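Here the chain labels run A, B, C and D in written order, and each chain numbers its own residues starting at 1.
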Amino acid sequence: MLIGHQPKDFLLAVSGLTVSFDGFKAVNDLSFYVEDNEIRVIIGPNGAGKTTVLDLICGKTKTTSGSIQFRGQELTRLRENEIVQAGVGRKFQTPSVFEDLTVFENLEISFPRGRTVFGSLTFQRDAAVKQRVEEVAEMIFLKDRLDTYADQLSHGQKQWLEIGMLLIQDPDLLMLDEPVAGMSVSERAKTAELLNRIIKGRSVLVIEHDMKFVEDIAHKVTVLHQGQILSEGTMEHVKNDPKVIEVYLGH
Amino acid sequence: MSDEKKPGLRSPFRRKLLMGMAALPAISMLPRTAFAEAPATSAVNTTGLAVTDSEVTVGILHSVTGTMAISETGSVEAEKLAIEQINAAGGVLGRKIKFIQEDGASDWPTFAEKAKKLLVNDKCAAVMGCWTSASRKAVLPVFEQYNGMLYYPTFYEGLEQSKNVIYTGQEATQQIIAGLDWVNKTKGAKTFYLLGSDYIWPRTSNKIARKHIEGHLQGAKVVGEEYFPLGHTQFNSVINKIKLTKPDVIYAIIVGGSNVAFYKQLKAAGIDLSKQTLLTISVTEDEIDGIGGENIAGAYACMKYFQSLDNPNNKAFVTAFKKMWGEKTVIGDVTQAAYLGPWLWKLTVEKAGSFDIDKVAAASPGVEFKGAPEGYVRVHENHHLWSKTRVGRAKTDGQYELIYETADLVEPDPFPKGYQ
Amino acid sequence: MIINSRFFNRSELIGFLALALLLFVILPLSLDIFRLNLVAKYLTYAFVGIGLVLCWGYGGILSLGQGVFFGLGGYCMAMYLKLEASSVENTKIQSTPGIPDFMDWNQLTQLPFFWKPFHSFPITLIAIILVPGIFAFIIGAAMFKRRVGGVYFAIITQAIAAIMTILIVGQQGYTGGINGITDLRTLHGWDIRTDHAKFILYFVEVVLLFACIVAAQFIRLTKLGRILVAMREQEDRVRFSGYSVANFKIFAFCAAAIFAAIGGAMFTLEVGFMSPSFVGIVPSIEMVIYTAVGGRMSIFGAVWGSLLVNFAKTSLSESFPQLWLFGLGALFIAVVLAFPNGLSGIWQDHVQPRIDRLLAARKSKPGNGFSVADGAPAE
Amino acid sequence: MFGDYSLSDLGAIFAMQGFAGLILFSVYVLMALGLAIIFGQMGVINMAHGEFMILGAYVTWMTSSAFQQYLPSLFPGYFFIAMSLAFIASGALGMLVEWALIRHLYKRPLDTLLATWGLSLILQQAYRSVFGAREVGVELPEWMMGSKQVTDTIEVPINGIFVMGLTVLITLAVAYILVFSRWGKQVRAVVQNRVMAGAVGINTEKVDRYTFGLGCGIAGVAGSAFTMIGSTGPTAGQLYIVDTFLVVVFGGAASLVGTIASAFTISQAQSTMEFFLSGSMAKVLTLLAIVAILMMRPQGLFALKVRK
């Protein structure tokens, strides 16, 4: 660890993060820190830059300036797959699963072994793989649908499958973009239960609009507005922040 | 293309009659044996070719589809005309010629494949065909392996000689040297700018031209040499270079669609071909059809045949050709050479008294065809033709007017010493 | 060869055996050597097709430059054969004996350095694989690392095909120009032009073809095959599952290039020459079409597609040269519009279910060994 | 190679060479504009684009023959009528093709490539059957031939000036239609969000059809203009297609300005290299440079940086 001033107990340290698209600063000099086993929810109005922050952390979008340290590793210099291998998992807003593959195969692909070209050629579907896949499938309520092609699943099931795919990667930092959006009420409840189960033992970064849901899970809330932090703290603190009320909650 | 209705042919009878009449000058020069009783098939065909008591099968192998169809159509037409005329005049050794036409589709393996079919499956006694060097190179091993006989009509780069091929067009030295000598002598040309499409015929021809210019013409030199991909259509840059170097002669061997672009742009750039000498060996009357006579008028072409040649053979040939294929068709050098193929084969077979390939190949040297539209031709030991070389000047109506012809037949020399 | 129920599922196994029966038994017995040699020529395109199934059907990478690799393989083989045909005594009329005839015509007086290794047959065989493989790797690495894909990749590969053709045609002293490398005679002293040789070469080719089918099937069944499918659908998800998408694309592209090169080398042996007309844009697109007609998702489809389209081409152009292009054009359009999965799609959607129903009706008793939903990933 | 020439000679040559580059530029822009609309705006890879150009060329040829035969006195002006007819013919065929073929394939861009390749084969054979395999020569009115003397040493071809003028006109027209007209706004709306555009009452099918027709119509006009400098034959269209696609892709497919800038860059590079090298090598080097640059900058020269 060359960078000594970084407090050691932060899992993720974002500092001075800026990105601009043709002059428009979608994220502007943003800094925040996530600790081990912390559940952080990012909220903010549309266009505040929430999804962009996740894109920047997972490498989908390149930063203009600033730094993202994960366990002391500078993520801005890594490729997406290296970031994943470093221990960051990301779920997208719309479910992105492989519809031409079965649930089993979807989960198997995410199993963290044989990720190189050669490794995937020699990859064996051994007992460890099968056991882990079944374990995760059980968690995401899809145990009896292992052989179903993913295009047959409902919207909610696809969301779960994607969460399962992240789970099997066993990341240290899990990033979820609106995990309950577009779900039915019963699915929503099940998802909350699922999330509550899987967030144990890792840090989670969630974007969510559903305030009830946020209140349920958040340790700490960050409010973004126009690419900058408007407020940060416990849900209680944020809720009572007049700036937040003005731009967001008050509406 | 083969069975299109052509205007001017009202009845099959009239058509036959015309064919027959057109062939008269040629027939009158044939030896009497042509009308004699047909000899027994077993005697004239000992190797199992497709010869019956009344028929003999030959192949026609050209592209009627693909990019080369443009050029090869004329050859197919000429070969069919010659076959009709020969049949009208009694056939070969008393047998009518039946032809099987195959499409090479402008694709060289297809040529090889079809050549093999014509020889192996159809047992053709001879094949008239190919146009590009590439297609000939592709079929040559086939003809040598299965011992067939190919009559190849195009003027080409030389550097080849085969027992199984009769080259009825000119090889490069025949076409080039006389023309360069002429332009050097009559125009006092000293500086030459060589242009060509980028493939073997123009490159080899320009190589021979360069050797001749630098080695045999007093004080003459090449001031530029350039090649363009086939199908190239932008010549403004090279035209500027020509303006810069001001050569006495532009020596152009550009082929296909590029020709059209080249001459149109030359004219547009203000290069007046009545003042600037341009000598080409690649533009026949066929190509002028596409270029437009007004764009190329004044250019000189050096080859062995022009449609405007003034002799009885040619007049009959042109009349018959137009009757068969329409008033608007034009006849270029290669078309005429293709017309020679069936006739030369007939004469050779009758000289040999046999359809056997080996006997035909052996009898070929010395065969004379007095009825050729270009005038008298004779087959050389090396299976090319002795022929005259002529220079013509393009007119706006798309025809060439004959300016010069060599006094004697020019000897074919496919492997010219000192030019390699 | 591994032929068991795990490696091929039931319908694939039937397909495999039917194809083997056709190519190893029926065709050699029923066709004369001329037609058999034609079939051999058609099959050389099947190699390209198998590669395209992997890289286009599975990986979603459409290359319009497979002719380049076909040509590279073919030229490697042709260079070896040409050197053998240009022995000093064969070429003694040349000004420089011992070099290929076209070099002599172009005033080359010694063999260019890159021709020299092709005196050796083992090196030639290695080059047939390596030269196209490395070339594909360079193109693939440059493009996929920078996330060039889809339409752009197709157009750039097309441009590469154009460049290659112009280069080969333009450098005729080194490549034989537009005529290509012709008049190839012997392989290691063995005359490849005889009927007997054609017969043997046919079987060599069919064996190689089946080796390629098995190799492609192997790749398809590994996790790599599933990653290719996954990548075609959701590239980002694959990336965020920890895979380097570019590397997998490079692999698929290189594999396709190598398959194409093997086809090209066989083409040279079967046809007896190689020319730039198999390198350019038109042949490259035609190869894609064969694959599309057979079914871009089916390895066997690619073989059938190459066979049938070429067979149709030969027979149609023999009898109706004018109609051929209309037919071919209409075929492409029909396949794309109505049958995007080609012949194999038609088979699977319309023929296979009927056969299944027929079989099911006949063997209605339980326990016959086939379970209908036999797609279980766990054994 | 410049040793023997005076400075003024050289100046004249460079001026003319610059002009040659400009003509090539105009040719590229004409070729690429139609495709930029079809490919850039609609995402359709139209491999039959060259055949639409050749249709325009054949229409021009037929018009010229008709005028020569029936209206020889009006022959000097026939070219303008021919160009309009070429636009209508190619545009109409384009709309027909869109209706029969393309509209089924909007979600599968790579498949449009295959289908339109099939279409191009059919069109080529149709031309061959109708017009014959040989090339046809289009006769131009006298005033369009020859060159104009600018100074003692500099002369410029008149048809070159004509092509350049035409290019400017068409470019302005296209720019107007796409950027300012109501219809252009609809086109862009459909490009950006088909569903939304449909929801606000734009007839997306009609917009698609007319956009494709416009692109093909421009191809027809380009083909008509090319009869002045190139050849007209059944397969001539294939010669243009790769160059055209490269120009569009190199410019960054979605932007018309990019297409024009890219045509300018490529034409100047090529005509400069042609002057110093042989035509073949110039072509190879130009293509190589384009491919190399595209590998480094896949989004093309002038694409906007957008948030994905």
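One rule holds for everything that comes next: a contact is a pair of C-beta atoms (placed from the backbone, for glycine too) under 8 Å apart; a residue touches a chain by one contact, two chains touch by 3 or more.
Because the structure is a prediction, the values reported are computed rather than measured.
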item	value
Lowest number of touching-chain links that must be crossed from chain A to chain B	2
Relative to chain A, chain with the most remote C-alpha centre	B
CA centroid of chain B to CA centroid of chain D, Å	37
Rounded Å distance between chain A and chain C, as computed from the means of their C-alpha atoms	43
Gap in Å, rounded to a whole number, between the CA centres of chain D and chain A	48
Shared-contact residues (touching 2 or more other chains) in chain B	64-65, 198, 227, 229
Multi-chain contact residues (two or more partners), chain A	60
Two or more partner chains touched - positions in chain C	166, 169-170, 322, 325
Contact set on chain B toward chain D in their complex	1, 64-67, 69-70, 73, 198, 226-229, 231-234, 236-241, 243-244, 256-261, 264-265, 267-270, 286, 288-295
Chain B-facing residues of chain D, complex	5, 9, 13, 16-17, 19-20, 23-24, 27, 125, 128, 132-139, 145-147, 149, 155, 157-160, 226, 228-236, 239, 270-271, 274-275, 278-280, 282-283
Residues of chain C defined as touching chain D within the complex	62, 64, 142-143, 146-148, 150-152, 154-156, 158-160, 162-163, 166-167, 169-170, 281-282, 285, 288-289, 292, 322, 325-326, 328-333, 335-337, 340
Footprint of chain C on chain A - complex, ascending	58, 60, 79-81, 84-85, 89-90, 92, 96-102, 104-105, 108-110, 112, 114-117, 120-123, 125, 130, 146-147, 162, 165, 169
Interfacial residue positions of chain C with respect to chain A in the complex	219, 222-224, 226-227, 229-230, 232-234, 236-245, 247-248, 251, 373, 375-378
